[in-house]
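For reference, chains read A, B, C and D in written order, and residue numbers begin at 1 within each chain.
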Amino acid sequence: MGRIGDKFEALCGSKEKALIVYLTAGDPSLSVTKKLILGLEKAGVDILEIGVPFSDPTADGPLIQMASQRALKSGTTLEGVLDLVTEVRKVSEIPIVLFGYFNPIFAYGVKKFAHIARKAGVDGVLVVDLPYEEAKELRIYTDAVGIDFISLIAPTTGSERLTKIAADATGFLYYISITGITGTAAPKIDNIKTKVNKIRKITKLPVAVGFGISKPQQAREIARFADGVVIGSAVVRLIDENKNNRDLVKIISGYVSGIKKVLR
Amino acid sequence: MKTQPDQYGHFGIFGGRYAAETLMPALIELEKAYRACQKDKTFQKEFEWYQREYSGRPTPLYYASRMSESLRGAKIYLKREDLNHTGSHKINNTLGQALLARRMGKKKFIAETGAGQHGVATATVAALFGMECKIFMGEEDIRRQAPNVFRMKILGAEVVLVKSGTATLKDAMNEAMRYWVSSVRDTFYIIGTTAGPHPYPQMVRNFQSVIGRETKKQIMKLEGRNPDVLIACVGGGSNAMGTFYTFRDEKNVAMYGVEAAGHGLHTPEHSASINGGKVGVLHGNKTYLLQDEHGQVRDAYSIAAGLDYPGVGPEHAYFHETKRVKYVTITDKEAVAAFSFLSLKEGIIPALESAHAIAYAMKMAPKMARNKIIVICLSGRGDKDAQTIIETNAL
Amino acid sequence: MKTQPDQYGHFGIFGGRYAAETLMPALIELEKAYRACQKDKTFQKEFEWYQREYSGRPTPLYYASRMSESLRGAKIYLKREDLNHTGSHKINNTLGQALLARRMGKKKFIAETGAGQHGVATATVAALFGMECKIFMGEEDIRRQAPNVFRMKILGAEVVLVKSGTATLKDAMNEAMRYWVSSVRDTFYIIGTTAGPHPYPQMVRNFQSVIGRETKKQIMKLEGRNPDVLIACVGGGSNAMGTFYTFRDEKNVAMYGVEAAGHGLHTPEHSASINGGKVGVLHGNKTYLLQDEHGQVRDAYSIAAGLDYPGVGPEHAYFHETKRVKYVTITDKEAVAAFSFLSLKEGIIPALESAHAIAYAMKMAPKMARNKIIVICLSGRGDKDAQTIIETNAL
Amino acid sequence: MGRIGDKFEALCGSKEKALIVYLTAGDPSLSVTKKLILGLEKAGVDILEIGVPFSDPTADGPLIQMASQRALKSGTTLEGVLDLVTEVRKVSEIPIVLFGYFNPIFAYGVKKFAHIARKAGVDGVLVVDLPYEEAKELRIYTDAVGIDFISLIAPTTGSERLTKIAADATGFLYYISITGITGTAAPKIDNIKTKVNKIRKITKLPVAVGFGISKPQQAREIARFADGVVIGSAVVRLIDENKNNRDLVKIISGYVSGIKKVLR
């Protein structure tokens, strides 16, 4: 088992729920991203989703779209992100999931990617536009080196499909809490609960819930039935709003630890 | 040739279904519904009725005698898709998808558009079947293609301004996909070309293949044999695939897909995904893409707004790889010259997109014997481009 | 009904050849040449070839189910002249005259145009047959109809700016006649409607009568009987006459010619020559004219530039007098509402001219039984009018 | 015989050629037109063509087009022109031909027109758009009251047609010297001569030549073989150029008598 599995086990032992935080690598710069990562870890974040920016993020709302554009403008590449992980690994054991779209990985070379990512200390990948049917071309390499392939489950995913996806999943399952793109609508707790319970019935893997969660109250409610909560756009917005503030890391850490508090 | 695509929508290594999980069930549902319609004679009859009675099919296969004579070479025929209702081949596809959507009980259409031709064709079928309609269009394109924006509005469609990214077709498609992710339960996404996730490339190709089927029948009647050469412009590739598909197994028919070279392949300003791009994944399928070394998609450019797309349909990528079709390029300048040439020689103002195919025929025909036959897909009319031509003082 | 016109071109008291002596020999020569072509099977075959292969005829007779249903009355069919090459019925006539001109050895075409549709149709056939072409167009219309001006230029025609008089269609026709007087030996004047001196009204009517002939055949196939009602808009009257002529002796077919009432017949701003004019002589024929008490011709007005003419074809005057056709009027406002209605119900954007016919059908259909049949001549597409509609905020 | 016939007979006796002058009635006003008419008579003009303005003068060049528009703006009507002739007749016996287009006459009523025109003292009518084939509807009335119907012959008119027209013509024949509209091109003397000689062979009526003649030199050359010369646009232009000049009548008279000189 890798860092992700270990983390969920540990949390389970302490009856805590996982706080998973997304941030776009390179927004505003990779060096700031590194500082943020280390700050977030201290603030109690359990797992990091590091967004690899892409020119055409079709599953993302305006906040993450703009963050990706800023990151690309600042010169961020997949290679740079992998270097960042290498740097982080020198001082931190926080589980890291790379989050993004397939084309940058494909352009980099899937085999090379799996190899370098493993070496850098990447624990999982979540590729938005690589559904079950197309995942093989990446997974033959990432599975081989023990990188978890985090699978998405949508509100539209039917039972049969869910079963197939869950059967092949590793790390944890990521349940998308809204029929929509990142950071746009407020999730309906009851619906999520029903679906998460359904997922639980067919898998032993931890289930995290994300898309549109920004408030401690939401996090608390979701944590009642899920194993983890993903905060994305809210953090991205806060980073953008405070990027010129000397206290950026402090502000983000403050926000994040506020959420983590309710998950304990 | 082996039947393409496979059950997951792969044409060789291309195509597929690289879509967000939220959309996957909808794509699978769509595929099922489409398969049912393919087998359903009533659906086929209905589709044919609208093509004939509404769109005005069959379109003529017109022998362009003055063009042929002035080039002193092969006999040139024009497949007159410009005579379709709304002025291009796009309606062939939107009619098919709209009928399918109606069958599926959907009440809302969305579509992306660049030049506005597909937007108009979608707004048209939305009105025809009483559906709500949203058209996503880049801010930049809305400015460039105002007349088509007016037409969409008159047809009752909402034109959604897309400011994200570079505010052109690629971003309109991104935004349409985002909207679709949020509304997938009651909304049908009418994709305008042989791109997108499976089953779109195959479905759009099949809806467009009426072009080639008619061409085959017509040329057989007129000349008693297959054409020697087929030429069509390639944006996403729907008019070209519609023209080529029927002839794919006819070894004696050479096929040329014409990509837009814009200001030249040696510049960054072109739309030649096959000739100037690399394999990648965008908008749900694997294909040739204009992209940088890091896999970031590049802006496409062409004077023809409808060719201004950084990808190309996966089946074209496959035809390129298998060498069944030769993909060539034509610059803005050559296209404009061809635009003018056809207008003056035949009284037919072609769309700037189609002018790329004309331009390539102008290069080929003089080198061919008089008894050889070229068929060009004249995918649309150029009324929409008159302003561009006059403004750029291109004539 | 007695065959009309007589040998001097009179339809009852209307029509004739009120032309300057300089033109008379040319008109007589034209008539002779035309008579020869009428009898010549080769000419007829050639004409039919171009109509079919170039213009895309036959045009569909489309059953407008959503329009019919929402009006809760008669079944409405649309004769889709909008699907012709260049977008209106005008090409039927310019093809005929151009072929005739070529037979006569003429090398130059001239024409007048208001909306630009006839100008485009003439520039088109000039390009098609390699003729020089000058289009006379009022300064005011050049401003209003810029896209069509671009199209004519792209087709190689010279657009001659007419500043005389009120700088609209009537003056363009005056100027074309003046130019013709000076160039009559080598120049063929392609008149765009069933007006002008004999033999134009008859000749244009005959070239346009393909509309009615096709309609008859199509409705017989679809419904096994004649329509109960025919409706067409009347500018000079060519699309209407083309629609009506075949049915003139069928007593059970009621016919309605729709004139433009502009801002209303009670205002001076309309184009209703029959309903709001008096008999007079202009542009070579005797007919109903908008004129003051002193015989000075008044300006016509309509939101539809193609109806904006102060006269009407003499055969219409005759059909009015003999009560064969009922001439009615539709205001700008009603036409705009019909423009929008058809766009939204059927996904067909009609020309504002044709929208007058649609508007009248919208009044009639609800009063008719469900088994009654109306055929509307959809004379052209409304792309050219999108700007006008958006600008006037008419929607 | 009427005034026109008498005039040509008298000129023939004195071996003179007729000077026929056109002017648009009501340009700049009917009262000025009256003064001009009387001045022109004194200056030696033999026959007057008084233009009845029409909104759509399709056979006229820009000069006469604009004169017609000015005349219409000043309120000129056919009725007003007939009143003008009545006025002129009180003091002058100069032959007067009304020149114009059919619609104003048709609107006035052809029968009434013939009657009133005769009473006013009109000697002839020349209706540009009433060719041989259509002339009957006016001539049944004008012939009856002895108003000459002046027929036009064009360069394009063939022999057969010429014969028919000449056979029915009264007053004089008007040969159009150019294939074109009034006042636009300079006539080619040789061509005119050939045609006029042809006309002479089939009719005894006088033949006048007009359209595009403005210079004494042209008039002199044409007078060698024709019975009269028509000056139109040149006079119309001069009137417009000098309409605000107190010496208007003097200027026009001067120009006209210069032409008449060469015709004696």
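Here, a residue touches a chain if its C-beta (ideal position, glycine included) is under 8 Å from a C-beta of that chain, and two chains touch if they have at least 3 such contacts.
Predicted model, so just to flag it, every value in this text is computed and none were measured.
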Hopping along touching chains only, can you work out the least number of steps from chain A to chain C?
2
Taking each chain's centre as the mean of its CA atoms, how far is chain B from chain D in angstrom?
67
From the C-alpha centre of chain A to that of chain B, how far is it in Å?
37
Can you give the whole-Å distance between the Cα centres of chain A and chain D?
97
For chain A, give me the residues that contact two or more of the other chains.
none
Where in chain B do residues touch two or more other chains at once?
none
Chain contact topology under the given definition, line, ring, star, complete or other?
line
Per the touch rule above, enumerate the chain pairs that touch, sorted by label.
A-B, B-C, C-D
Where on chain B is chain A touching in the complex?
8, 16-26, 28, 164-165, 170-171, 174, 177-178, 181-185, 278-284, 286, 289, 291, 293-297
Chain A residues touching chain B in their complex are 54-62, 65, 69, 72, 77-79, 101-108, 128-134, 151-158, 161, 165, 176, 178-181, 184-185
Inside the complex, what are the residues of chain C that reach chain B?
52-54, 56, 59-63, 66, 80, 82-85, 87, 123-128, 130, 147, 150-151, 153-156, 339-340, 343-349, 382-383, 386-387, 389-390, 395
